[in-house]
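Structure provided below as structure tokens; questions to follow.
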Amino acid sequence: MQENNKRRIYADNAATTPVLPEVVEAMLPIFYDNWGNPSSLHEEGRRAARTLETARATAAGVLGCQPEELYFTSCGTESDNWAIKGAAYAAKGRRNKIITSKIEHHAVLSTCEALEKEGFEVKYIGVDQDGLLDLDELRREVDDKTAIVAIILANNEIGTIQPISEIAEIAHKAGALCFTDAVQAVGSIPVDAKELGVDMLSLSGHKFGAPKGIGALYIKKGVRIKNLIDGGGHERGRRSGTENLPYIVGLARALEIAQERMGDMRRVAALRDRLIEGLLSIPHSRLNGHPTKRLPGNVNVSFEYVEGESMVLWLDKMGIAASTGSACSSKSLDPSHVLLAIGLPVEMAHGSLRFSLSHANTEEDVEYIIAATREVVEKLRRMSPIYPGA
Amino acid sequence: MQENNKRRIYADNAATTPVLPEVVEAMLPIFYDNWGNPSSLHEEGRRAARTLETARATAAGVLGCQPEELYFTSCGTESDNWAIKGAAYAAKGRRNKIITSKIEHHAVLSTCEALEKEGFEVKYIGVDQDGLLDLDELRREVDDKTAIVAIILANNEIGTIQPISEIAEIAHKAGALCFTDAVQAVGSIPVDAKELGVDMLSLSGHKFGAPKGIGALYIKKGVRIKNLIDGGGHERGRRSGTENLPYIVGLARALEIAQERMGDMRRVAALRDRLIEGLLSIPHSRLNGHPTKRLPGNVNVSFEYVEGESMVLWLDKMGIAASTGSACSSKSLDPSHVLLAIGLPVEMAHGSLRFSLSHANTEEDVEYIIAATREVVEKLRRMSPIYPGA
Amino acid sequence: MVYSEKVMDHFMNPRNVGEIPDADGVGTVGNPKCGDIMKMFIKVNDKGIIEDVKFKTFGCGAAIATSSMATELVKGKSIEEALKLTNAAVVEALEGLPPVKIHCSVLAEEAIKAAIADYYKRRGIEMNFTLSEHSCCERECDRKK
Amino acid sequence: MVYSEKVMDHFMNPRNVGEIPDADGVGTVGNPKCGDIMKMFIKVNDKGIIEDVKFKTFGCGAAIATSSMATELVKGKSIEEALKLTNAAVVEALEGLPPVKIHCSVLAEEAIKAAIADYYKRRGIEMNFTLSEHSCCERECDRKK
């Protein structure tokens, strides 16, 4: 991967994960051999159709839902768009309000903003300093005009995990649908659609070892939403487009593997805690996100007097892949809306680093990250005109 | 592929094509090695971003457009939805009319029907007995209330190729956008977006050797349409969702190969013509689609007194993969809307077969298909209560 | 859409295909416009037993398979027993049918009944059952919601 | 977002980092809220030549690289020449910048000018140029349409 043979630590698993070799292995026979169109009547098609339904059943088993409740999409973003736009358009005229949070992924936020422009009322619920949703505000806002409550299960930047069952109950009391963006959660923590009690749940393969470009939306039996993509009637008439069988098989395989390895997440959480401890030993730093209710791999720390991008670039040079926040924000200069929502001053929001660990990381990785980050922060502070220590 | 080692002829390339080994080869290093998120700042991300833009440039080169005019999507269906809904919503209030044809793919038809339900006026232009659009009707219908004219470049069932440049001119005279569904055309005939003069053009990888689950939409510089999928701002803010780099690379590679092999399409067209000749030697048969303005691989013939599905199943048993029409219609029992649009009686529409040939087919394949089809038609006619010869 | 092995067997090797020139009852249901027509021939002995049954069908795989299975299910049965044939029994005997193809089993049931109705008519016996008035196409539309 | 090699070089090995304790002019532009602040120090000899220049920057890779490049471009130049420095020249010398990062080059140009303005002020020379009134954030918003 690197030009030279230097140490390389990938600690940006929230942005994307390497495709698991087992997943590539599961996909290869589909590429080479089982490339039929599942809608075709002939043997090539029937074989593909059987493989498709086997994969759907496997995935549904891991997610705790019926195979008929699982719809494959092209990514987490599509799932988020479909769930929210689909619910909003289905309720148009009757229920015109959408409730979400201030710490959603852009796939949800931009969707809500688009609906706002079309005339829907959108309410963005706040969070406390740890990133937990303000349930009182939610209770006050959910009413009989609310079409959907869309809350992220585990935040992609700060890792905070929300009490989704409770949120779903609040939504349901008012007759509203409850959707959760579980893109960061699936693969990292056990996610059971039925137990959570939500009506819809989105996930994306590339966050747990499947490739980028495959996602799914769980839609509880009986829940009616509008289609986002109309056409030939694939996915039981709800998401058209010839099915991406290799990736669907890959996603199912990756889910199985994630389930098998869920026990190992305790080790990952221990690495996370050691990393947090080490980073907080650097002066003028603070942890972002909930101290315990957080994803096992997520570490988000702000360092005063330095800026995030330059830290990421230096860490990269030192062999560590990390990020300033969500990957997509690499194109934006605005400070993270999530960090602002938890009350971080703008200056501090500019100086935050996210490490997201996986099974593949080791204790040595963590110690190296701590040492490297300390070096980088010191180096950048030395050239910072606002660092009082200088 | 088959349980036994019997001869197997794949003649359903309009439904989907096998993934080319060269394409798998191009994708493998991306799966194994270049799996970074193109939005990430670090080396893994930057490397992926470079690969993404190289692939975009390659694809754009083949399609005769600028790289910035090409947007990757998850399939032909998504591209069709995006183009038409995007144009309709962008023009809402000013231009409320959508013009399409009676022989579109369901990805276009169902999209138009959905928009009709939302209050847009949709006009479905008819075709002549060969499947060519009624340009006079089009001229009469296009007006200053027309947002978009959406016409399929080459039909997926009968292969008829439309005079799209002329259609685009008619649309532009009235200030309407022109979109063409080129899903069946790209890879089979030279398609140059600029030369065609359209504003938008859709394509799908799995029709020319890339996998199912990757498509693209050409949007001419300056053409503004609404997003279908909002989010993190990928694809220059117009199609969000982490990019499916392996398939994008595969699509670019497949386009290159299709271009290299375009010369061989003359041979495919000769096979097509021989197949048509052979099938028409079976009594009570007729060719559907234009005799010359048709895709080089497309053969569509109706046989009286027999039903399509049972022919397909028998041919499958005899080692031939064919279809009754569009693959997705395998789930529907309605006779093909395309065959009805060219004036075929319903009974005949039920008895049609589509063979779609590719580079991989040979003269022996064609002779075998002719002989097998004759046998199947005779067998089924013998048990048909309406066959006068019995 | 995947057919069971049983369906494929009855489609590829349909039982009782053909005509009975001196049939005691002949029934035709369906419509070429709808994509399927079934014609059933029955030979009934003086004990009221269906001694022989044959069919000719224009239609999809399921239409042929359900025709074949329906003939098998009534062959050797009494008229009364044959009248109890339901489309569900045909589906079950075929080990299932794809949802869009259930109408074929209805058609097969009706084809048998139409042949029996014809047999009754020829004998001047009053019918104790009714034939469906729907055309297949209407049934189609009913099924879609 | 990919930086050129030149940008990466100036980011990783920034030229002229530091402070000049007895500087003849010091200029600070930017705002920590916007994510970048540049502070420039110049030492001007009696011929009006910028003999030495140093900077300290809080900011992204481009902020550091443009600061570094701007100092290189004015070092050894006369004040008049230094005043002709444009952000475009900085971008060009860096072999390009991603569009979202162009504002950093503007900031670097302004930092140089602010240091010169301070030098003029200290000398009591009237300024023949104006400093931008925009904060970096406003520029940001201007750029987005």
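Observations
Order of writing sets the chain letters: A, B, C and D. Residues in each chain are counted from 1.
Rule of thumb we're sticking to: a contact is a pair of C-beta atoms (placed from the backbone, for glycine too) under 8 Å apart; a residue touches a chain by one contact, two chains touch by 3 or more.
Everything quoted here is computed from the prediction, not taken from an experiment.
Set side by side, B-D and B-C show the greater C-beta contact count at B-C.
Distance from the chain A centre to the chain B centre is 34 Å, each centre being the mean of its Cα atoms. Work out the mean CA point of chain C and of chain D, and you get 88 Å between them.
Averaging Cα coordinates per chain places chain B and chain D 55 Å apart.
For the pair chain B and chain C, the distance between mean C-alpha positions equals 39 Å.
Multi-chain contact residues of chain D (touching two or more other chains) are listed as 1. Residues of chain A found to touch two or more other chains are 39, 41, 309, 313, 330-332.
Pairwise, the chains that touch each other are A-B, A-C, A-D, B-C, B-D.
Only residues 1, 8, 11-12, 14, 17-18, 28, 32-33, 35-39, 56-61, 63-64, 100, 103, 140 of chain C touch chain B when the two sit together in their complex.
Those residues of chain B lying in contact with chain A across their complex are 1-2, 10, 12, 15-19, 21, 24, 27-28, 31-33, 35-37, 39-45, 73-78, 80-81, 105-107, 110-111, 113-114, 204, 206, 211-214, 227-234, 240-247, 309, 312-313, 315-316, 320-324, 326-332. Residue ranges on chain C touching chain A, taken from their complex, read 1-2. Within the complex formed with chain C, the chain B residues making contact are 305-310, 313-314, 317, 330-335, 346-347, 350, 383-387, 390. Chain B makes touch with chain D in their complex at residues 39, 41, 46, 49-50.
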